[in-house]
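Below are two complexes that have chain A in common, paired first with chain B and then with chain C.
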Partner chain A sequence: MRMLPVLSRLAWRYLWRNHRRTLVMLSAISIGAWAMIFMTALTRGMVDQMVSDGISVLPGHVQLHNPDYLDDPSITNRVNLTDAELESRFADAGFAAWASRVRVPAVITSERESRGVTLLGIDPVAERDFSFVDYAEVEGRFLESAADNGVVIGAKLADTLETEVGKRIVLMSQDPDNEIADRGFRVVGLFHADMETYEETYAFIGKEAAQKMLRIGNTTTEVVFFGDDYRNVEPTYEKVIAEVDDSVRVSRWTEVDTYLGTMLGVMDGFVLIWFVVIFLALSFGLVNTLVMAVFERVREIGLMLALGMKPASILGQIILESMMLLSVGLLIGDTLAWLTVKPLESGIDISVVAEGMEMFGASSMLYPKLYMGDVVLSNVVVLVLGFLASLSPAWRASRYEPVEAITKV
Partner chain B sequence: MNIVLRLAWRNLWRHARRTWLTIGAMVFSNTLLVFMISFQFSMYGLMIDNTLQVFSGHMQVQAPGYKDDQKMRQVVPDVQSLANQLRGELGIETVAARGWSFGLASSEERSYGIGIYGVEPAFEVNVSNIPGLIKDGQYFESTDALEIVIGTMLARNLRVGVGDELTLLGSGLDGSFAAAVVTIVGIFDSGVKEIDRNIAEMPLGAFQEVFYMNGAGHQVVILAPTLDDAPAVHQQVAAALPEGLVVHDWDALQPGLKQAIQADISSAFFMYGILVILVAFSVLNTQLMSVLERTHEFGVVMALGMKPGRLGRLVMLETTMMGLIGFILGAAAGALLTYWFSVNGLSYPGMEEMAANFNLPGRVYPQVSWLRTAFGPAVVFLFTLLAAVYPAWRLRRLHPVEAMRTL
Partner chain C sequence: MMTAVRCVDICKTYRQGDQDIKALDHLSIDIEKGEFVCLMSPSGGGKTTLLNAIGGLDIPDSGEVWVAGQRIDEMSKGQLADLRLANVGFVFQAYNLIPVLTARENVEFVMQVQGVPANERSEKSLAILEEVGLKGLEDRRPAEMSGGQQQRVAVARAIVSRPELVLADEPTANLDSKTSGELMELFTELNEHHDTTFVIATHDQRVQRYAKRLVRMRDGRIVDDVEQHAA
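What follows is the complex of A and B.
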């Protein structure tokens, strides 16, 4: 350890002895590090967006249903707790947000056309902060309270139905006894969403209006809960579980939307594989550089050994050289990544392939996200694997026989 | 053997380890490229086939505007005779007429809104894989019977089975109230949730009766013999069409499909590009070293009368040899790897859930092809040569005397 300052200085000087080779290798490492982080920022951004979009329409971080509802989303499979009971259990439990909803399949009919929709009976005040509908961007107005008598549908659906704000449509579904439950509503607002599917699929009415129309008293079909972070829903899950028995089913969002849940897991795997692949492509050049660096100074190494330097110090010196090369490359790469991602964080417009992105479940704006964790992981992968890759050339250098090495031409 | 050729070959093996490491970088990325590209394009092929074979076909004849709005009144008049005429003119049987309507299907216990296709049973089997996916009961035999086939999830949600009756409510072409009681004769399982939950088919004759279609329908689906034949068939169809109808290709009918592929290709090629660039740097480094360490030697041969241009060619030749070895080994390794997966199939945790979104199975068997095998390594080879240009070009400025002085 005493030797460390001297060895570092030696390693640093050796590095710049052949500056061309070092510069070429540095560029390769920088580009590699940049690509690792930049690509990861893009995919993270895409997946984050998909998940947060998905959660805002779909499950909430944790949701509560009748045990049969997910398999058979019918009005007969309601949550067996009334709104008052829910209120007394969850109001003070400390969720970031929670709300009960009525969600049933329904048919919407204008004088021209009819379509199938997912009818959402909501309390707009409770859902304000986590709805995918930006209330401010609604044409006309959004629902104002749970008792609101209007309906808000997507702009795309309104086109198809040839209806508009102020006109009437009929919503038709079934009540618990399979009698047709229908009611006329006035369209009070049209919402725009990032994804066209949302505009075609969802129709919002007030929760109380839905309960009256479907003749289900004060009951609902789902309760959604939000914690602080969608990646860690366990605390929220625990809190909900503590308040209910097994006559209801409590699920995390990853269980309800397996596509999104899997996506998140697969992405973590992808990121790591991407780092390793890039490193492997770099490793050939790295080892090559070290092999050459050792080869050029066999005589010097022999001399040092002959003068009494320990083989371990030679080993350390080569590894230090490799670590310095990698660190400088990483530093440049990280900076480049930061410089390229930051200006893009306000969003990249990829609407040329909007309908394709919808197939993935992503919207047409891409917001790259730089996660500290990913940056650290990429750097650690490079340094750890780089250390391992340097072992062999460094080991060879330290095993030279001094006399042979000195006499080598 | 040519003297320059022999010289280049020998120079290459002076530092065998360095050469193999450089070739190793090429083999590594070539193998990866061959495998990834084969896998990717096999997926795209499957995605296209699987998606188009469900309903879209390679092209459809529709009324203008129907594609975007799917309104009941945007009809193809006299749809069966048009389908008949196209079958005659194209000389293929893979042409089928359809109608489509939205309706509320009610069983004793449940009601759901669904999309209902009216189909020609005899021809629908040629253009769609749904008839082949009936797992309970059977497909239609007559074109006029009040019968229906539905998806498994719909059957489960409605709590019905083969032989039960459904009440359909909807609106007819003229906007009037349409209602019918139909018997379930078959239940299909496509494996795609959306379809199994939302789609039903009934014979076109009965469909036209129930929805007051007056002989009209909404689309004529055409499947060309292969995807590559589609453009030619498209032209024939366009020429044969009566006034007031249009024909749409699959990429217009399923714009998401093509764009999803494009988006995937661009992100994949970004990654491939990075790999190729890293290999190029590796080659640049090696060749730069090999030129620098031979400065003295080059000085000598130049003093003996060798032209700098010839020395440059020598370096390029060395690189070409190295590149070719990398090309052959990498392409072979990649093709073998792909071949192994084409026999054993490829799957990874989570693939099934993701693949279902794109009509893909949970296990994919990538296909080996010459083009997919050669493409990646060819690009790597090209960049390898480009990377050697700078070291080779440096030689032009070499002065024999100065060069001989360096050690």
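What follows is the complex of A and C.
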């Protein structure tokens, strides 16, 4: 530690001895750090939106089902708790939001076409927090209560069925006795979603109407819960577990939507690989800079050794030089990234490639997200790998024989 | 008297192309503490090699080198660095200074590595720079000074922490006669008042006049070793 001030002074001065080379290297590091963070912010934004859209398409953060429902999502695999029992257990348990619903596969038929859909019997008030549908933007109206007798379908599905608001359609599914359960509903609203798939897939009716049609009394097929952060659902999960027994299955959203859950994990790995790849490109420049910096001052290194500086201090000096270069580059890169990402957080319109993005479950607006964790990770990757990359030139510098180094021409 | 430097039967051979050059050939010498020794030889006579061996910068192929009572030819690099830091001041012929440091920082460098407190360093470095005639040039970098001024900074650095032994290789090579004289006066004063041992390799007749002992070398051997009354 005693040597730190003198080594820092030497490292900093030597860094600026050839300021043009240092500025070029600083630019490379800054742009590299900026690229790491900016691209990660874009990707994070995309994945966040996919996950958040995915979660808002009904999973919530935690779900409760009959233990067999996820394997066979039919009406026979209902939750064995009534609406009243659910209310008494969860109403005051402190969730950010929760709702129970009936969710079954069904067939929707107009006078011209039929399509398979997912039928959702919901309480629109409780469901507001979980829905990807903006109630106010619905063409016509959205459901008004759990007892509403209308149906709300996606605009795209309405096109396919050649139906419209005010017309009647028939919904058909199975009841618990495996008999056909069907009923006519009037289309009261058409919803629009960021992704056409949603518009084609879901049909909303009142929960009570669904319970009546399917002859399931006041039971439901799933209960969904929201906590505060989709990345940390454990507190919510524990709260639900505390209120139920083994007759139901409680799942985190990552277990319900394994695609999204896996994608989140893959994303973290991808970010790390991305950082390492960018650094590897940078490292050639860094090592070259250090090798040149050492080569230029072989005699001075010999002089310092002759004056009593230990080889370990020479090693430390070169590594410090590298760390200073990287730190300044990172500081500039981080600032640049912050300055470029922040204004874009309100959204970038990527509708030109929207169809391609939809394949991955992303919408036409991209909202870059700058996470402090990503900034820290990128900086740590650069500093740790930079440290390793500078070991070789630093080691070589520390191994010089003073008498040979001093007389080096 | 205590022995400051003892070399016993040291040999050093360099390979140059196909030829082996004997830089030191079974050389033995004792230098007592407080001596002012001048090593003289034609170019290639072995005086710089001997200085490097005494300073632990170069390890002889055989023989023993003792400095400050310690055998240094068997020491590790780290131990040699410690020995040089604590006991030896160096003045080289050229490339003496660290170019990114100012004159004062160059002088302070050894003391900083030694761990001398900042205010003491600053005090000593300003005093020694004044002593070598560089007052007012403390904040100049080597590139902003003449060769003579640079050499005086190097001398100031070598003596500022009052080492027991100062090894100087052609210290006056880049100095005019007036500055050479002043420098040698300074060496003499340090030698007489602080009992610092000086071993100087030089061709300069003016320097030889200040030495109390003249050691003439040829082909890596001592051919003449005489005491004289210094100027």
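FYI, the second predicted complex is superposed on the first by the 408 of 409 C-alpha atoms of A that agree within 3 Å, B and C clash if a C-alpha of one lies under 4 Å from a C-alpha of the other, contacts with A are read in each partner's own complex, and residues count from 1 in each chain.
Basically, a contact is a pair of C-beta atoms (placed from the backbone, for glycine too) under 8 Å apart; a residue touches a chain by one contact, two chains touch by 3 or more.
All values derive from a computational prediction rather than experimental measurement.
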*Overlaying the two complexes on chain A, which is it for chain B and chain C: clash or fit?*
fit
*asked:* Between chain B and chain C, whom does A:D159 touch in the aligned arrangement: first, second, both, or neither?
replied: first
*Scan A:L336 for contacts with chain B and chain C and give back first, second, both or neither.*
neither
*Given the touch rule stated above, what does A:K310 touch, chain B (first), chain C (second), both, or neither?*
second
_If touched residues of chain A are counted for chain B and for chain C, the larger one_ = B
*In the overlay, answer first, second, both or neither for which of chain B and chain C A:V170 touches.*
neither
*Check whether A:T262 is in contact with chain B, with chain C, with both or with neither, and answer first, second, both or neither.*
first
*In the superposed arrangement, does A:I406 touch chain B (first), chain C (second), both or neither?*
second
_Quick one: is A:R299 in contact with chain B, with chain C, with both, or with neither? Answer first, second, both or neither._
second
_For A:L42 in the superposed arrangement: first (chain B), second (chain C), both or neither?_
first
*After superposing the two complexes, find the smallest distance in angstrom between C-alpha atoms of chain B and C-alpha atoms of chain C.*
13
*Once the two structures are superposed, pull the chain A residues common to the chain B and chain C interfaces.*
none
*For chain A, which residues are in contact with chain B within the complex?*
18, 20-21, 24-25, 27-28, 31-32, 35, 39, 42-43, 71-74, 76, 105-107, 109, 111-117, 159-160, 162, 172-174, 178, 180, 258-259, 261-263, 265-266, 269, 274, 277-278, 280-282, 284-285, 287-289, 291-292, 295-296, 350, 352-361
*Interfacial residue positions of chain C with respect to chain A in the complex*: 52, 55, 57-58, 77-78, 81-82, 84-86, 88, 90, 92, 95-101, 105, 109-110, 112-115, 157
_Partner chain C, residues of chain A touching it in the complex_ = 2-3, 5-6, 9-10, 13-14, 17, 299-300, 303-313, 401-403, 406
*asked:* Can you tell me which positions in chain B touch chain A when the two form their complex?
replied: 15, 17-18, 21-22, 24-25, 28-29, 32, 69-72, 102-104, 106, 108-115, 156-157, 170-171, 175, 198, 255-263, 267, 270-271, 274-275, 277-279, 281-282, 284-286, 288-289, 292-293, 348-351, 353-354, 356-358
